[in-house]
Amino acid sequence: MAKIGVFVCQCGNNIARTVDTAEVAKYCSEQDGVVHVEDCKFMCSAPGQEMFKKAIKEKGLDACIVSACSPKMHEATFRNAAEAAGLNPFKVEIANIREQCSWVHDDKEIGTAKSKDLTKMMIERIKFNKPLERYVMPLTKRALIVGGGIAGIQASLDLAQAGVEVHIVEREPSLGGNMARLSETFPTLDCSQCIMTPRMVEVQNHPLITVHAYAELEQLSGFIGNFRARIRQKAKFVIDDLCTGCGECWEKCPFSTESEFEMGLVKRPIIYIPFPQAVPTVPVIDKTECPKILKDKCGLCADVCGPDCIDFTQQDEIKEIDFGAVIVATGFQLMPNVYREYGGWRPPHMTPKKLTAKMRKALPRSDAGRLVDVINGLEFERLASASGPTGGQIRRPSDGKIPEVVVFIACVGSRDCNKGVEYCSKICCMYTAKHTMLYQHAVHHGKSYVFYMDIRAGGKGYEEFINRAQNEGAQYIRGRVSRLTKKGDRILVKGADTLTGQAVDVEADMVVLATAMVPQGDSEQVAQTLGIGYDKHGFFSEQHPKLMPVESSTGGIYLAGACQGVKDIPETVSQASATAAKVLGLFSKDEMMRDPEIAIVDQEKCMNCWDCITVCPYLAIDRAELKDRNGNFRKWAAFVNPGLCQGCGICNTACRSKSIELMGYTNEQVYAQITAFGGDII
Amino acid sequence: MIEQIRNQARQLLENGDVDVVIGYAEGSDPSRTTPIFIRKAEDVEKLIYDPRCINSLPLYLNKRHEYTRKGWKKTAIIGKGCDIRAIVQLIAENQLKRDEIYILGVPCEGVVSHPEKWDGSLHDGNRASKCIGCDVMIPHETDFFPGEKPDVDRSSPYEATSKNVATLMELELDKRFAFWRTDFDRCFKCYACREVCPHCSCNTCITDETMPSWIDPAAHKKGVFSWHLTRAMHLVGRCTGCGECTRACPMGIQVDLFNQRMKEVVQESYSYKPGYSLEDKHPLITYKVDDREDFIK
Amino acid sequence: MSNIYQPDLMTITKVIQEAPGIKTFHLKFQDEEVANNFSFETGQFGEYSAFGAGESTFCIASSPTRPEHIECCFRETGKVTAALANLTEGDTIGFRGPYGNTFPLDDWKGKNLIFIGGGIALPPLRSVIWNCLDLREQDGRFGHISIVYGARSVQDLVYKREIEEWNQMENVTMVKTVDPGGETDDWDGHVGFVPHVLENDFKPDPENTVAIVCGPPIMIKFAFEALERLGFKQEQMVTTMENRMKCGLGKCGRCNIGSVYVCIDGPVFTATQLAALPNDF
Amino acid sequence: MGKKIVIHDFEPKIMAFVCKWCTYSGADLAGTSRMDYSPNVRMIRLPCSGRIDPQFMIKAFEQGADGVFISGCHPGDCHYNEGNYYARRRNTTFRQLMDFHGIDIERIEFSWISAAEAIKWTEVIDAFTEKVRELGRHPQYDDEVVDPYAQFLVQKDQESA
Amino acid sequence: MKTATLNKSDIGKCIDLLLQADLRVIAPRLQPQVDEDGPDALEVLTFTEVKSGEGHQVGKGLLPLNGVKEFLFAKHEPLFAYEKRGKKIEIIPVHHEYPQTVIIGVRPCDAASIASLESVFSDANAGFEDPFFTERRSRTTFITYSCTAPDSSCFCTSVELSPDSAKGSDLHLTEIGDGRLHVEVITKAGEAVAKQLQELLKGEGDQATREKAGAEVTEKLTRIRDSAPIMDWLMDTANFDDEMWQRLGEKCIGCGACTFVCPTCHCFDIVDENKGSKGYRVKIWDSCQFDHFTLHASGHNPRDWQYKRYRNRFNCKFKIYPEKFETPGCVGCGRCIRACPVNLDITEYMAEVAHKATNPNAIKAE
C-alpha cells in the first residue's frame, strides 16, 4: 500500500485560482508512502482519466487520491477508471478541494494550506483502505404482493404485463379491497365496480399471476432478491379446482350471518362469496359459524354441489415460495366505533390501535341504546351502490325509510389528538362531497348538511368537485358537532357554526360520519412479519419521505396504497405502479450487485450482546452459532447479512467492543484522518 | 439470616441443583471479606454476610470469567440488591441466561464504603454513599429470599443523586477540570476500574486493541482522559451503581462519579434506570422521536 | 548514554511475497559503520520496527554465512506486521539485535541433522539449514541433512523456491507435507500433519542424529513425542521458542518460562532444558 | 463573494464529522453557491450521523482539535431513518460527560443541516469558529498550561478562606 | 557513618532548603477529595512533587499509595522520537534532562524496592543497561523514614527487611521521641543532601534509642513468615502444578492493581505514539496480570487462566527474582494486599507454601 499516487486537479481555473496546485502536489510528494504525484488541468477529462489509468499501470500504484471536486461528482468516475486500470475501486479516494476549498475561500494561501491538509488526511486514510469486492447475489425473479386491493391489483398487472411472475396473497375470499365497496368515485363519479371488475378478471386470467385468496403471509425470511415466504392457505372447505362458481351452495345455505363486505348492513350465507363480482368466484365456508363444522349438523351445501367440491375435512395448507421482491398493499380500514362519540355517551379513551383490535366485534346493529342511523362513509357507499343491499336506493338502516335530511360530519376522528388521530384523512372532504351528490341524485328533495372543519381538496379537479357539490344543494356549515341525541325516530345534531358563531341544531333522519382512515388492525403484526418499519399510527414507514416514498425500510420490500398512508385511488394506483417499476428495476439484472461498503463482524471479539441487532434499522444483523472444528457449538456471534445491510454504520457505533465494523469507513480509516489533521507533536 | 442462606446453599449443592455457590467469606484481616466459590456442601459454613461484604459478585458471571466458570452449569450467587441489578442487567444484555443462575437474595442495610473504614458497625460515617436512597435493599429479582419479601415500590425512574456529584457540578468548569486533572495525574491505567466492573464484559476491551489504538495506551494526560471518557461512555445507561470501580482504584480516584453523573443524565433525559428489567434495552441503543435536543443548533 | 531501545535503520532492498500474508524482506543497514560491526549467529532474532506502529520480534532468517544482507520473514497478524507488510523496496525500518542464544552448531559436528518445521516456523530453520549446508560444503562437518516441512496448504508453504532447491541437492532429503485438505491436484509431497508424517512416513534413524524442531507450540509438543517414540533422546532434540516479547533484553517481563527468559536464555532450547522448565508455555 | 479572511493569532482547529447525505451535501452546496466560510474546519465524511462514534470526538480532542462539530440530517430526514436519533442520544450524554470532566462543551457543536442549508452551514461554522477562537487553545492535555495540583489547592484554600 | 538529629517539625524547612538548592523534591502529600468528610472519602496519600515545605506528610500516615518507582521507572518514558520523510526516517534522541531529585519520607520497604528494580534494569541483567532508569536513579537521592505504625498488611520482616531498615537509603531518619529524629548519612548522595540541610541538623544522633525504637515497631508486625522455605519449595518444578494455585487464585480478577502499586513490579510495554509522520516510541507500564500480556499471535496463550497469571506473579517475587538477581522480588510493603479488590492476599500464598514446604507429607495425605 505504500505506493500511493496523488492527482491534484486544477479544474481549469476553478481550483487553481485559489489553490496553488503545484505546491499541493509537491507537498504530497513528500508524504510517507506517496510515490507519484500529478498536477493536472482537468482530471475528469478523457486525457486526465487516461493519465490516471496510465499512472496506475505504469507505476504499479496501489492506492490513489484525487484532489478535485466533491466525491458526489466524480468518485464513481475515478473508481471506475481505477477498476479499468486494474486497481480495486475502493482504493481510490477523493479529497474535496473544490466545493469545500477553492470555491469557499478567496485567499490563495489559505486555499493552498487547506488543500494540503485535506489531501494529507486522505493520504493517511487510504493507507487503511482495504480492497473491497462487490457482493454478487442470486436473484429470484418472482414478486409477492400482499393485499389484493386496487393497489395490489394494479401492481400485479403492471408486473405481469412486463413478464414478471406475480403471486398475490389476499386475506379475504376475494380481491377488491375497499374499492370494491365504493359506489361511484370522485372526482369523476364513475362507477367503482365498473372500472374495477375488468381488472380483477384480468388478474385472474393472467397466466403469470397466481392469486392466493383467503390466504395469509405467515413468515417472510431472507433478504432482497432472496426472500422465502410461508403462505398459509386457509381452509376454504371448497376444492378450488373443482368449483365452477355456480352458486348453488350459497343460495341454498340455510344459515346466515352479518356480511363483512356489506358492513353488516345485511346478512350473508355461511358459505359465501363476499360480493357477486368476487374474484375468484370460489366460495368459502365460514368455519366459525358453520353448524356442520361446529357440531356436525346440516351439510346441505355438500348435497347440492354438483361437482362435489365441498370438503369439510380440509385443513389449512402451508406453501413455501421464493420471491425476489415483495410489494405490501394491505390497505386501510375506517376507524371503528368513533361514532359512539356522537351517540350520546362518551366512549372510553382509545387509541386507534386499541380500537382496531376491537373492530372484530363490530357493533350489532340492533343495539338498543344506539343511534342506528348514524353510519360511516363506507356504509353509505354500500347504501348508495347499485349492487348494495338497497340496490342503490338510499334508505336508512333502522327502518328503511328514505331520509329527508342527512347530516354529513367530516373529520370524525381525524385531526384530533384526543379522540382520534392527529393526521388529516385527506379523502373525507372529497367523499363527503361525493356522498352529498349521490344522496342528492337519489333523493332529489332531500336536504344535506355538511359540518366540516376545513375543506381540503388539493387534487386535480377536486376543488371543482366540491364546488359542484355545494351548487347541487349541500349546505356546508363550518363547525364541530358537539352531540347527537335521539329525538323520536330522528337524530338531533347539536353543532355550532364557527363562522357566524351561532349554535346550529339540525334534526336529521340519518347522519353520515366521515371517520378517519386508519391502518389495518393487524398492521404492526404484519410489519413485524415482513421486517419493515411502521409509524406510531401503524402505517408502514417509507425509506425516505421524499426521495424513497415507495421503498420500505427493508431492501426489496415496497409499499403501495393506503397501507403506507391515507390515499385516494389515483394516488394508490400511481404508487402501485411505482412499486412495480422498482421491482422491474431490481429484476432487470440477472444477479444483484451489492455495495461492499457494509458492516462485517469480528466474530471472535463479538460478545453477543445484540446491541447491534437492536439498532440496525434494516434488521440486517442476525445471530450466528459458531462451531469448532468438530462441529460443536462454540459461541454465539453477530452476523451481518450483506443482502440487507445498507451501510449506515449505526451498529458500528453502538458496538462497545468494536466487534462490528463498517467497511469503507473503518475505525482505522477515520482515526488516520483525525490524526493527520491533529498537527505536530515534536 | 445467613443461616437460612447457608441451609439453602447446602441443599442446592447436595441436590446437585447448582455446581457452585458464589458468596462471601472472611477475608485475610478482620475488616475484609473475600469472594468464595463453594463447591462442597460442607463448606457452606464459610459463607457470611454483613456490611463488610462489599464486592459485586456478579462480576464473576460475566464473560471475562468464562475460564473460571468452565463446567459450571448452574451457579448460585448471593446477591444484595445492587448486585442483583447487575445480574439483571447482564441478563438484559444477553451476557447471562436467567436459568443459569440461582439468586440467593439478601436483605441489605448498606455496606461499608471501604474496608479501611470498618470499625465493627455500620453508621453514617462509613456507609457507602451508593447505599443512600437505595431502593433495592429488599432485592427485586430472587430465587430465594430469607423470610417474607415485602412489596417495595421501585417504579420511580429516579434514583438518589450523589452528593459528591452535586458538589462537583457546583464547581466552576475550570475548577472541575483542575480537580480531575489532579486525580488523573495519579491514574496509571491499571484498569482495575474496568476489571471489577460487572458490565465491562467485552472479550477484548477496546483499550487493549491496537488496530486502531482506540486510546493511547500510555498513562499520560491524553491517555488517561480518553480512557475515562471511553469507560464512562460505555457504561451510560448500563452502570448499576455498585461503586466497585472507585473502591478498586488503588490510587483513590473516584471513578464512579462519572457513572453516577451519567446516571443522572440518563434519568433526566430518558427516565431510564438500568438493572430492573430483564428485557429493557439501554438508552443508547433506543430512541424516541421526540427526545430532547435542546443543545442542537 | 547508549540507548538499548534505539534501533538501527535498515533499508528494504527486496520484498518477496512468500505465501498469502507472508513476506520476506531483504535488509541492509543504512549506516556503514553499523553494517561493518554487525554480526550474528544462527538462531538469533531481532526486534524489527515499523515506525508509527511499533516493534515486532522475528528471527533472522538468513544464514550468517551469507552476510550480504539479512532477511526476515513474517506473517501479518497484527498492528506491526500489518504496517511492515505495507512497506516496499527502498523503505526504511528499524532493527535492534541480534538477541538471544544460538543453535549449538559446534555440538553437531559429524552428526546427521533433521530439521522439522511447520508453517511460518521455517524462517528460523532456514537460517540454520543454509548455515549447515554452507558449512558442510566448506568442510563436510555434518552428515546427512533432512528437512521435514509442512504447512496448512500448498498455498501456505513458504520458501517454495528453496524447497525445490533443497529437493534437488545431493545428500539432502526433503520431505514436504500439507495438512489433509490443503493439497492441490499437482501436489507431489505428503499429505498429513508434520509429526504424523515424521513418525509414519519418514521414520528417521535416531543414531548420531540431532532433530531441530520449529513450529507452533502444539506442533513442537507432538513432534517431540513422535521423535521420542522413534528413539530420540531429549538431548538430541532442539527447538526454538516464540514467546511473546517486547524488549528482547530481559526486562519487559513477558517471555519468561519460570526463571528462564526466552529472550536472553533462549530462544534455542533442547528438549532436556524444556523438560526442566515449569509448565508455563 | 468574499469577506476578507483575517488571520488571527490563534486559529482553532476544528474537526467536523458529518453525514454524507445531508450536511456534506449542504457544504458542497455552499461551495457551488460560492459562499464563504472560515477555513478552520476539516470535514470527515461518514455515511450517517449515527456512525459518529464518541470515540472519534475523544480522539479528535486528544489529537489537538480545539473544537468538534457534528452534523447530520434533520430528525425524520435521516437517509437511514433513525441514525440521527441515535446520534442525538449519544451526544446528549457525551456532552454532559465532557462537561462533568470540566471540559467546555461550547467546544462541541451539534447541528442539523440539510443538503439545502448551505447558508445555515456557513453561518453555523463561522459562528462556531468564532466561539472556539474566543475560548482559545484547548488546554485539556497541555502539561504546561497550569500546574493543576497547585491550582486546585489554591482554589480550595481560597474557598475555605 | 555520620549521624545527627533533626527536629521533626523542621522537615518542612528541610524541603524548602532543598527547593532553594534547585532540587526537585518529592514528598508524600494528601490529595484533594470531593468531600473530605464524606463516607466514601479515604485519605489519599501519594508521593508528589512539592513546591514548598507546606502540607507535606513526611512521617505521617502509612505508605503513600504509589511507590517511588514511578520516579525512576516512569509511567510514560519516551525512548526516542522519529520522523518520516518520504522513504527516509530520522531517529531523534529525546533529550532527557532529569532534574536532580530528592525523595523525602520514603519508607524502608520502598527504599529497598529500588535495589530490586535496579537489578532488572542495570547491566547486571544480561548486560543490557536501561539508560533511562540508571540515569534517573543516579540523580535521585532517597531520604527514608522508619515506620512507626505499620498496618495489618505490612510484612517486611518476612522478606528480610524491617520497619527501620536503611537498605537502599541515602539518608535515613528515625523517630527517637521528643519530636526528634535520628539522622543517618548512609551514602555520598546522602551526604550531599545533608550538607544542604546543615543548618537544621544538630550534633550527634542517638543510635541506641533509634535501635530500640526500631525493635519496638518491629514487634507490631502481625504477618510474619520465613521466606527461605518458600523459595525452596518453589524451586521444585513439580510444585508449579500444585493444586493450591488454582484454589487460591481462582477468585483473582486480573485487575492488575497489585502489580501497578507494587514497588518492584517492572513489566512494561513498548509502543509507538504516532502523529502523522512523526512520533515517539515510548515505554509504558504493563502487567503480567493482563490476559493479552503473553498472548501469542497464533492465539495460544501460555497463561490462559487468571490463576496462572497470579502464579507467575508470586513466582516472580519469590523464585525468579531470588534466582536471577539474588534479591527477593517483594519488599513486604503490603500494597498489593490493600489494593486487591477481592482480598487476594500474597501472604496467604506464602503461608500456604510455607505450610506445604514444612509439612510435605501432611499435604500429600490431604
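Letters A, B, C, D and E mark the chains as written, and numbering starts fresh at 1 in each.
Operating definition for what follows: a contact is a pair of C-beta atoms (placed from the backbone, for glycine too) under 8 Å apart; a residue touches a chain by one contact, two chains touch by 3 or more.
Because the structure is a prediction, the values reported are computed rather than measured.
Among the other chains, the CA centroid farthest from that of chain B is the one of C. Ranked by how far their CA centres sit from the centre of chain D, the chains are topped by C. By count of C-beta pairs in contact, A-D exceeds the other of the chain pairs A-D and A-B. Once the centre of each chain is set as its mean CA position, chain A and chain E turn out to be 69 Å apart. Distance from the chain A centre to the chain C centre is 63 Å, each centre being the mean of its Cα atoms. Chain B and chain C have CA centres that are 48 Å apart.
A separation of 31 Å divides the Cα centre of chain B from that of chain E.
Among the residues of chain B, those in touch with two or more other chains are 168, 179, 182, 204, 206, 211, 213-214, 216, 220, 257, 284-286. Counting partners per residue, chain A has 615, 654, 667, 671, 675, 678-679, 681 as the residues that reach two or more other chains.
Shared contact sites, meaning residues of chain C that touch two or more other chains, fall at 54, 78, 91. Contacts from chain B toward chain E in the complex involve residues 27-29, 32-37, 55, 59-60, 64-65, 67-68, 113-114, 116-117, 124-129, 163-164, 167-168, 179, 182-183, 186, 188-192, 194-196, 204, 208, 213, 216-220, 223, 243-244, 246-252, 254, 257. Note for the complex: chain E touches chain B at residues 31-35, 38-40, 42, 44, 46, 65-66, 70, 75-76, 152-153, 250-251, 253-257, 259-261, 269, 271, 273, 282, 284-285, 287, 290, 292, 304-306, 335, 337-339, 341-345, 347-348.
Residues 1-2, 4-5, 13, 15, 24-25, 27-28, 30-32, 34-37, 39, 42-48, 50-53, 55-56, 59-60, 63-65, 76-77, 79-83, 86, 90, 122 of chain D are the ones that touch chain A when the two sit in their complex. By the touch rule above, chain C contacts chain B in their complex via residues 54, 78-79, 82. Interface residues of chain B facing chain C in the complex, by the touch rule stated above, are 210-211, 213.
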